[in-house]
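Paired with chain B in one complex and with chain C in the other, chain A is shared by the two complexes that follow.
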Partner chain A sequence: MSISETTKIAIPEPREISTVPRFSDRVFRVVVSLGGISSLVILGAIAFFLGIRGFDVLSNTGIKFITQYEWYSAINTDGTAGEQASTFGIGAMLVGTIITALIAVAIGVPIAVASALYLNFYAPTAVRGFLVSVIDLMAAFPSILFGLWGFNVLMPGGEYWAKLLHKYLSFVPLFDVSAPVFSRSPFIAGVVLAIMTIPIITSVSREVFSQTPLDRIQAAYALGATKWSMIRAVVLPFGSSGIVGGAMLGLGRAMGETVAVFTVLNIVFQANFQILLGAGGNVASLIILKFGEASGEEINALMAAGLILFLLTLLVNTVADLIVNRSGRKGR
Partner chain B sequence: MSNVTAPKPMKPWRATPKELLPNLFAGIFVLCGSWILIEFTGLSGKLGAFLSASILTLISVTLIANYKSGTNAGKNAFFGTLVAIGGILAILPVASIIFTVLVKGTKGIYLGFFTTDMSLASVNDELTVGGILHAIIGTVLLIALAMVISVPLAILTALYLTEIKGPGSRLIRFLVQAMSGVPSIVAGLFIYSAFITGTGRGFSGFMGSLALAILMLPTVARTAEEVLLLIPSDLREAGLALGGTQWRTVAMVVVPAAKSGLVTAIILGVARIAGETAPLLFTTGGGDTVNGNPFNGVMGSIPFAIWKALISGSDESNARAWASILVLLSLVMVLFYTARKLGKRKI
Partner chain C sequence: MSETVKPSSLASIAATKSARTPGSAPLGTGLEARNLHAWFGKNHVLSDISLDFVAGTVTALIGPSGCGKSTFIRTLNRMHEFIPTAAMAGQVLLDGKDIYAAGVDVTKIRLRVGMVFQKPNPFPSMTIGENVLSGLKLAQLKRSNKEDLMEECLVRAGLWNEVKDRLNAQGGSLSGGQQQRLCIARSLAVKPDVLLMDEPCSALDPGSTLRIEETIRELSKTMTIIIVTHNMQQAARISDYTAFFLADGHAGVMVEVGPTSEIFARPKDQRTENYVTGRFG
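Moving on, here comes the complex of A and B:
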């Protein structure tokens, strides 16, 4: 069989080359894009639905909704109308939310930054992995667990520390109390929130610290720096915006916390700046407190409060996100 | 002849007893000093002991380093100790929480706790009456439904960010980040306002899982995005070079390669929502009987059972709350451990 005898080889038609995606790819892209905008749709829907439910209350009360301290529903629990007109104001709760969140950050940030530094630069490698996973596990603890633990274990100890602070620092207006009620105070709620935010701040700071360029670290050592002077000259300036961003993320988390605050805080409708006094508030725990017996307009007022809380945390998280993403450009 | 003795191995960098002497003194100083502080000042309790011991350790370590090697070494030792104390302070609550839950929770655990529900038990009944079967079934159903809703959306979001890299990538990444900061109570309120009031539909398990899905989505999407970014682009190019379309490449090369990472992402999402309480208070109604139908009727769940027991406040229900939280914590820890194990595996 010689070569000439072979049958004709069918030359395949040259395939058309094009940059137009196939049909399957177009379907794929549309489906994935639709899934991708789900977060946009959900966030928009949250703002929309809370907005339309709360619109009446918000437009009736106006700016007073966030400045007024009173919360009174004219409808009694048995459905009859009360004598006074309803007033809805979350001023006291907003003040309380911000105070407890600030206490949480003030206590949580130093501890979290120290533990991030310890984990990244000091911890022996044998225990580092274990410690990191313990702190990550803490982030996954349910908030009701923190509430229960805070109420049963932290509160007695916290009361003692609050009395100690009051005894020695009562000349500072912040630590003064007008009545000797130390349990269920914003201070204790702040400590619980601090413990809840530590894992978040630690992991954000650790992330930023670990991005410190190795050559700068080694340059510092080569110039004769001790470990601490290296950290102060290289790591902390490099990671400063990471720390700030982590603190903001923690602030956002602390503001929206519900169950843990509700269990440990005594909710009172007045602005209380004495953090050791057992009276405070939190928008989220207001919603939980009033939801069970609310009806009609009060429900709408709670929706409006939820909308304010949503916008507040969104704002804080946006700022945090901007700061964290800007991080890592500085440092000596 | 063969009487050669090998030289004893030496460790010249080891501190001699004489050099260790200050450390011994420092240890004695810290122990005695903190005893004196607790005995004669206002400090008390475990935390007080910890505080005084750490302050004294800080002082003595700094002084020793300062005396031995100068001011810089002193500063270094001071801040090194301070940072270590911070690390211990961060770990302490976890230890305390786990210890408390184990001690208080085991009292309420018995076999019937897992096989009966609370429909025939009141809050003041003995611990041997009633259990959390309804809550366990409810939690499992809620989590399963929330997964069915949120996992596809989350994975599609991650694919949009890593594979399509569409024009909205930056915005979507930001929105997912923002969504992870949405307070859980807002998710519950949203579901309540959009699907429950004014529609005539009552509380049900499905509503609860909608709220949980909102909270789960960002966690899964962010972790999945990180995992997909780790897949080398060589794999994608190889898939395309073999003539595959993008769809085939993603479905048959990228996603299978990232499988264990994606499972980790899902488990982390489940761990995030397993203990959520606030959104369930607005959506599920929290029944006391076993309800296998998530679309109709109130449905209990472990966090809701804890909440109810906590509110009622009797000793027995408090013990039930701790026992339920032990169950919940074990669930979270098992999930977390599994995620770690899977996450360590090479992609």
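Moving on, here comes the complex of A and C:
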């Protein structure tokens, strides 16, 4: 007989390890759990409400609700029935939402990343503290003020740039215009949204850049790096997930922005891919435009539009999470 | 102290090496610190250090924690100034020229005086091969036959045989000791004349430490090496010269410097003897 046969030992089942938390701990657990769940409940309640109210319109209109460009309510403002049947389609507004948000991110991200790099690596300490509080203030600034400023101040200047873009780049379909109307265009709205999203992208990127491990920064300098080559080799790979995350937060804000877009944009129900042409709109501005005088079915249609916007934002955030999780780990 | 080392044993370790005398190895570039002082804010951490590093030798800096050894070597390639309140006085001469002189391009200094840190710090976003060549990119140097350079550096750092089949793997996939040799290979790629090492083995196991010590002996044939270490056997094994630093509640000073065998066998200063015999520190 070998030793292993004679000294066979029974291998036990793993024990269950448990602790009984104290009463105070259980109370605290309930309190924080409620806090944690509350956001989920509120979000769920909003989605549920929008879904209930918008369900009829969505099921009647079907896919046309997001592909069709017309928005017409058969009920007149005085309550009498109109001649035609109602048609509700937010296609043009969806196009506008995505285009203005993308313009905002395309303009905002490079500026925000540059300013985050400046604040972290170039700014003198005194300037840094001051600028950070200015940027935080800018993030909390009411959007109507951005809208008014955009309309009255930015637009005249913006028109000049738009005309310049049109003059030299009109062979690109994006910069072509079918009629010489340059004011109140998605381009101007995108610039206003860019200004509104810069603070949030800046602060998220800055936060991530500042966590770059010091030993890697020093390693780069010890190899004869200049500041810029160090940033390119160490900080940007490390912070890429932060930039993507910040850009997605900015995109989310730009897509949902209402008042600033409503003030600047000339809301027209047509899909406008010519970003310099003064026509367009986004879903949120459609809701604010129609909500005041809508009744009955049109209100439900607006709720359905809200639901679509909600889902679009959800989609963007999910995609952002996926990108951050896939690309973000590499530089860490 | 629990770990008491007999001075005679350290001295015998130091004596087994082929003795090199100053001037016998006219390789690399000499580096010299003259009347060097360093401060962090108002805190005077180094006082009046003058040390001449002979080209082509290994100098070990020993001394208790907080005596300013690391601060000292960081002044030698101008890494000291990255700490916001850091200040210095005195001179550091490379080829007889002051590296702190106005108008000196600090990135060029760091190319000639490389540095290996305590904790291995390869760039995680780069492959092993890219890590080795990262200095070229960072310092914007142009070099042909990069493949040859990569191989040469990895061979000199004693890592080539372990990584030659996976140069495209991430640097972080290596063990700690391998990562540290990768960092050594990375500093070699920009062809420094002097290599500063700040406790390069303190985070490593004895086997990896041995490999790195072999690497250091090998490298010292072609360059000047200055190494901070807490391991006195290590200092005895690898260095030609040893300098003992001490901070007695004041700014750190250099108590004694001399050939390693002398420092361990016949230290001139009582404080050095107390330290190398393990009576304190």
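A few remarks follow.
As a working rule, the second predicted complex is superposed on the first by the 283 of 332 C-alpha atoms of A that agree within 3 Å, B and C clash if a C-alpha of one lies under 4 Å from a C-alpha of the other, contacts with A are read in each partner's own complex, and residues count from 1 in each chain.
Just so it is clear, a contact is a pair of C-beta atoms (placed from the backbone, for glycine too) under 8 Å apart; a residue touches a chain by one contact, two chains touch by 3 or more.
Everything numeric here is computed off the predicted structure, so don't read it as measured data.
In the superposition on chain A, contact of A:169 is made with neither chain B nor chain C.
Greater residue coverage of chain A by touch, when chain B is weighed against chain C, goes to B. By the touch criterion defined above, A:34 reaches chain B but does not reach chain C. In the overlay built on the shared chain, the residue A:53 is in contact with chain B alone; chain C does not reach it. By the touch criterion defined above, A:218 reaches chain C but does not reach chain B.
In the superposed pair of complexes, A:226 makes contact with chain B and with chain C alike. Look at A:253: by the touch rule set out above, it reaches chain B but stays clear of chain C. Of the two partner chains placed by the overlay, only chain B lies in contact with A:144; chain C stays clear of it. In the superposition on chain A, the residues of chain A contacted by chain B and by chain C overlap at 226, 229. The touching residues of chain C, when paired with chain A in their complex, are 77, 79, 82, 84, 107-108, 110-111, 114-115, 117, 119, 121, 123-126, 134-135, 137-140, 183, 186-187, 190.
Partner chain A is touched in their complex by these residues of chain B: 42-45, 47, 72-73, 75-76, 78-80, 82-87, 89-91, 93-94, 96-97, 100-101, 104, 152-153, 155-157, 159-161, 163-164, 166, 168, 171-172, 174-179, 181-187, 189-190, 193-194, 197, 214, 217-218, 221, 245-248, 250, 268, 271-272, 274-278, 281-282, 303, 306-307, 310, 321-322, 325, 328-329, 332-333, 335-336, 340.
Put simply, chain A touches chain B in their complex at residues 21-22, 24-25, 27-29, 31-40, 42-43, 45-46, 49-50, 53, 110-115, 117-119, 121-123, 131, 133-138, 140-149, 152-153, 157, 160-161, 164, 167, 195, 198, 202, 226-229, 231, 249, 252-253, 255-259, 263, 284, 287-288, 291, 299, 302-303, 306, 309-310, 313-314, 316-318, 320-321. The touching residues of chain A, counted against chain C in their complex, run 125, 213, 215-216, 218-226, 229-230, 233-234, 237-238, 330-332.
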